[in-house]
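Same chain, two partners: chain A is paired with chain B first, then with chain C.
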Partner chain A sequence: MFLLALTNGLVIGIIYALAALGVSLVVGIMNVVNFAHGEFYILAGYFSYHFANTLGMNYLAAMMLSVGLVLIFGMIIEVLLIRKTYGDDLYSLILTFILSIVLQNTYLLVFGPYPNKPPNWVKGATNVFGQFYYGNQRLAACGAGLVVIAIVYLMLKKTWFGRMLRATSQDREVAELNGVNTTALNMLSFGLGCALAAAAGVILSPIFPVTPTGGMAVALTAFVVVVLGGMGSFWGCVVGGLIIGLVENFGAAFISSGYRHVFGFIILIFVLLVRPAGLFGNREI
Partner chain B sequence: MKNTKVILACIIVGLFGILPLGLNVYQQHVMIVCLFYVMMSASWNLLAGYTGQVSFAHAAFAGIGAYTSGILAVKAGLSPWLGIPLGVLFAAVIGFGVGLLCLKMGGIYLSLTTLGVSEIFHIIINNEYEITRGTMGLQVPGLLVEYSKTGYFYIMLVTAIVSLLVIYWMIHSNIGLNFRAVQNDEKAAASLGVDVIRIRVLAFTVSSALAGLAGGVYGHYLLLITPEIPSLDQQFLVLSMTIIGGMGSFIGPIIGAFTLEILSEYIRGYGEYHVLVFGLIALSMARFAPNGVVGLVQAGWAKRSTS
Partner chain C sequence: MKKSMVCMVFVVLLIFIGSAGFVAAETLKIGVVGPRTGTAAATGKSFTEGIKLATDYVNAHGGVLGKKMEVVFEDTAGSPDKAASGFERLVTRDNVVMVLGESHSSAALAEIEVANRLKIPFIVAEAWADPITAKNYKFVFRAGPSNSGVVNETIAKWVIHEGFKKAYIVAENTDWGLGIGKLCEKALNAAGIANKTVVTERKGQDHYTELAKIKAFNPDVILAFVYGTGLHYFVAQAGEVHLTPKAIILDGAGPPSLWPDFWNNVGDYGNLECLVSSMHKDVELTKLATLFRKNYEKEFGKAPTDYKSRSIFDVVLIAADAINRAGTTDANALVDALEKTSLTVTRGQVAFGTTKGGPEYHQWMPPMLVIQWQDKNQIVLYPPAGATGSLKHK
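Our next item is the complex of A and B:
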């Protein structure tokens, strides 16, 4: 029981961190909370389902294509909706909240109300610690999540693009003075945030089939993780994801499974009371 | 000027008083729902439009009002006429608590915390199936011994007028001035002697109490209290009505609530597209005319008077 809750907590924690990374990136650079984050996740899930199952593409190619399409879609949304709102964080929150409802209802019309599930990558289950069997697909998703998180980390810390992102996040004006085109950077980073949501979506949809309204739960968890870890902090996101994953699964195992998600919210509220900026809240990504 | 406003308000209220005579049962129902949304968006506007605290828990507070009164009526046999005031009180207490909780937070943090509060409430309703009947909905007794749409229309009308009077009084007194000062610049307001903490918590408490009132009366009108009342979809409707009408103006949410509810009843005839159409209108309004219909009209007037 303990080991199962621990494994579940770690795997789900990595998955939560992955889902929250896009929100964190966009908040850190643009000070915009993308309420429609979950809807981009769902869109990628639908894309990969239809590319793989309806068009019969290879699942890996379907995943790549889905992420690419959502990246472009995200950049279009930035130009159309978000660009006007810079400097007014509540305005962008309201706009993306409305956007999320619009997208949910569009999915309902286009894709129908039934859950869709892209094909699994692997079959079977592995014996963990000689104690219990754990689904291979979940382990694979956890591994893929770790790879994506590592890529984002390397991109942020080791590349020139990452340096521009970090500079803009620390001080927008000084970055502009040093020749960073922040308008283009905003578009790219919003698209990148959406693409990270999409990456989470294509990795997780074989485990949690996508539904038109399923994005809200994803976004809520992502917000809890991001606020807990501190807006815009990379490590805050990873640690926050693990904490929420562990707390929810231990809470579900030992206290009550119906109240699984409440434990995360309660932890969040307590942390905010003590440290209103979150655990790692110094605004460095 | 002030007199003309009072006279105009009296005429509108008078027209509403005789309105049920000219409407059939279905139209009366639409009017009752409109009045519910007027209360919800006007009280949300008090919080979001006047103090800048964009709360996502407003529908949840309507749910608190409705479920408190409903559970008391079903489990303890308490009359809704007593239950609704208790629901209002409970919503006010919880609102006071959430307002205190959010004091240290500004902007986005507050919005996300209220979102969390609303989700917690939702999970509790779905889990405590035996008390709340979960998604099945709680069947509650009505406010009237004999069910009559016209009767409910007048109850809803009186409640809405009382709510609007409270809101009007608040934003046109010193308190309203303080609200705006806090919204524009908290630190500057504090330095001029505005008790920022008191003002923010006050706004939260009053707005939650009014939401509780709206939810309570609405629940006992529908005779069935479901998790639909405190849902995020409901929150979305309230938010878009306020935005489309004009956030931060007294009349805006009233216009928004009537326009959108009547519009959505028309669209319903063509299928279940009304939420989507709603969303698209709200999205384009929020993007191109963030001050809503009221803002557009004011801009039009300003243009005419200068040219």
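Our next item is the complex of A and C:
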């Protein structure tokens, strides 16, 4: 049971980190808490399902196309809705909350109430350490999650675009004085945040089929991870995701599986009491 | 000239308002509560289908009190607070004479308090928790399964009938899941069948930890009281960890195993899964059941799968029958009429219990079946009188 809790905690933790990265990016750069984050995750899952299952596309092409479409959709949302709220955090909070409800009901109307699952990339399960069987799709999703996290890290640390993002995150005015077009950067950042939610959606929907209201749980866990790790911190997301994944799994294994998500909240409260800004609490990404 | 114009407009308006009132009075409103959004929104879809067929049927047979019957559906999203306020809106805003429906026990437990306070007859369709009728409220009825009825009449008897020696109960942390889990423990203990229970979260997606605990017990059968998408996750993951098909899973609710995407979501791991249901095309207890199936196929162009569409159909017919027999919309008269119900619906002959003191009060328990998926075909296993095949397992 210990090995299973450890393995599953790490895998689920990576997945949580991936889902939280988009939230962290948008908070760090734009100071916008995107309540509709989970709905972008779900939208990508639906796109992926319909491209692969209904249109018969290759699953990899379906995933890439889904992420691309959600990126564009996110940028459009930024231009039409979010841009007007800059300077007042409360407005963007309320706006994304309403957007979340509108999107949920739209999904229900368009896609129906039943859970939809894109095809698995791999089938079957692997016997881990001769102790237990673990789904191959989960292992593949964990690997894909690590690749996406590594790409985001390299983009932030090694590219000119990443340097602009970090500069804007640290001091928006100084970044503007140095020629950074922060309006365009906001649009790209919001789109990228949505695309990261979409990446999590297409990676996870073969394991956890999507439903119209399924995004709420995703967004809630992502917020817990971001707050635990520290708002806007890349490493905060990764470490926060792993901590929540491990705590939930060990709690479910050795205390009670009926309160799996409560354990994460308990750890969050404990960490915030000791470090109110989170584990890696600063605005740098 | 101007005066006469004003008078004419006034008269036209009066006629319009009068005729609108006349039209409004030509219908009699009944409320339905149920989830149209949330994790069990699929039930709302089934309810909507059943309501359409039921209103067509009732209105084609003379309506209620000489008027057309109109159903107003209030979404409860499976949430107790929304359920209570939705119920109250139906009574105070829409002036419904009776409320029907619901499929979440937690929501129904909130609604029965409002029904009791507002003195409005409420017939529960598919919320199974025993306390709904065990509270013995005068205005609360249930024409559908109860936890104790399903466990004692169907699940426990089936487990004994199949000769299972070890059972594992998986209960989601809701009024329905915890309640039916406890009743199963009690029934299995009385039958001398070794059993264990694990509680899981209602909205939980990952069941690997629970499955590892179950696998260590090496059960013959897993009684899964997990509703909605969670059931699909559970079945798929049980297959991944090689728990099934050696152990047989029984879906203790039923509909999620009948949803359109079930096979896409669980793949081959769905084969040999068992489920509880009150509907099967080869076990139609009344002529109305056959008529329902035919009308459903005609209206929606597919065969009915989720039995909750037929449950709400029955409940609407029970309500219409009671109103017509009462000859009035007075709540006390409706309760009297409901208590004297003797009506044949799709699931058999309805008669509500009138003995106070337990969950049997104002309860009618329809017969339930245990069905197994065998190569994507539904085979009825229990009761033996209705069986269309026998249990397969590896």
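A few comments on the model shown:
To be clear about the criterion, the second predicted complex is superposed on the first by the 285 of 285 C-alpha atoms of A that agree within 3 Å, B and C clash if a C-alpha of one lies under 4 Å from a C-alpha of the other, contacts with A are read in each partner's own complex, and residues count from 1 in each chain.
In the analysis below, a contact is a pair of C-beta atoms (placed from the backbone, for glycine too) under 8 Å apart; a residue touches a chain by one contact, two chains touch by 3 or more.
Every value quoted in this text rests on a predicted model; they were computed, and no experiment measured them.
After superposition onto chain A, partners chain B and chain C are found to clash with each other.
Applying the stated contact rule after C-alpha superposition, one finds that A:77 touches neither chain B nor chain C.
Judged by the touch definition given at the top, the superposed model places A:212 against chain C, while chain B stays out of reach.
When the two structures are aligned on the shared chain, A:267 is found in touch with neither chain B nor chain C. Using the contact criterion defined above for the overlaid structures, shared-chain residue A:105 touches chain B and also reaches chain C.
With both structures placed on the common chain, the touch criterion links A:258 to chain B and to chain C. In the superposition on chain A, no contact is made by A:175 with either chain B or chain C.
In the superposition on chain A, A:135 contacts chain C only, with no contact to chain B. Look at A:246: by the touch rule set out above, it reaches neither chain B nor chain C.
After superposition on chain A, the chain B segment that clashes with chain C is 132-140; the remaining candidates among 6-14, 42-50, 60-68 or 132-140 show no clashing C-alpha atoms.
In the superposition on chain A, the residues of chain A contacted by chain B and by chain C overlap at 105, 256, 258-259, 261. Residue ranges on chain A touching chain B, taken from their complex, read 27, 33, 80-81, 84, 89-91, 93-95, 97-99, 101-102, 105-106, 109, 216, 220, 223-224, 227, 231, 256, 258-259, 261-262, 265-266, 268-269, 272-273, 276. Across the interface of their complex, chain A is touched by residues 52, 54, 56, 101, 104-105, 107-109, 111-113, 115-117, 119-120, 123-124, 126-127, 232-233, 236, 239-240, 243, 273, 275-276, 279-280, 282-283, 286-287, 290 of chain B.
Put simply, chain C touches chain A in their complex at residues 37-39, 41-42, 44-45, 173, 198-201, 203-206, 208-210, 212-213, 215-216, 229, 232-233, 237, 240-242, 259-261, 264-265, 267.
Note for the complex: chain A touches chain C at residues 1, 4-5, 8, 12, 53, 104-105, 108, 112-117, 120, 123-125, 132-135, 208-209, 211-214, 217, 249, 252-253, 256-261.
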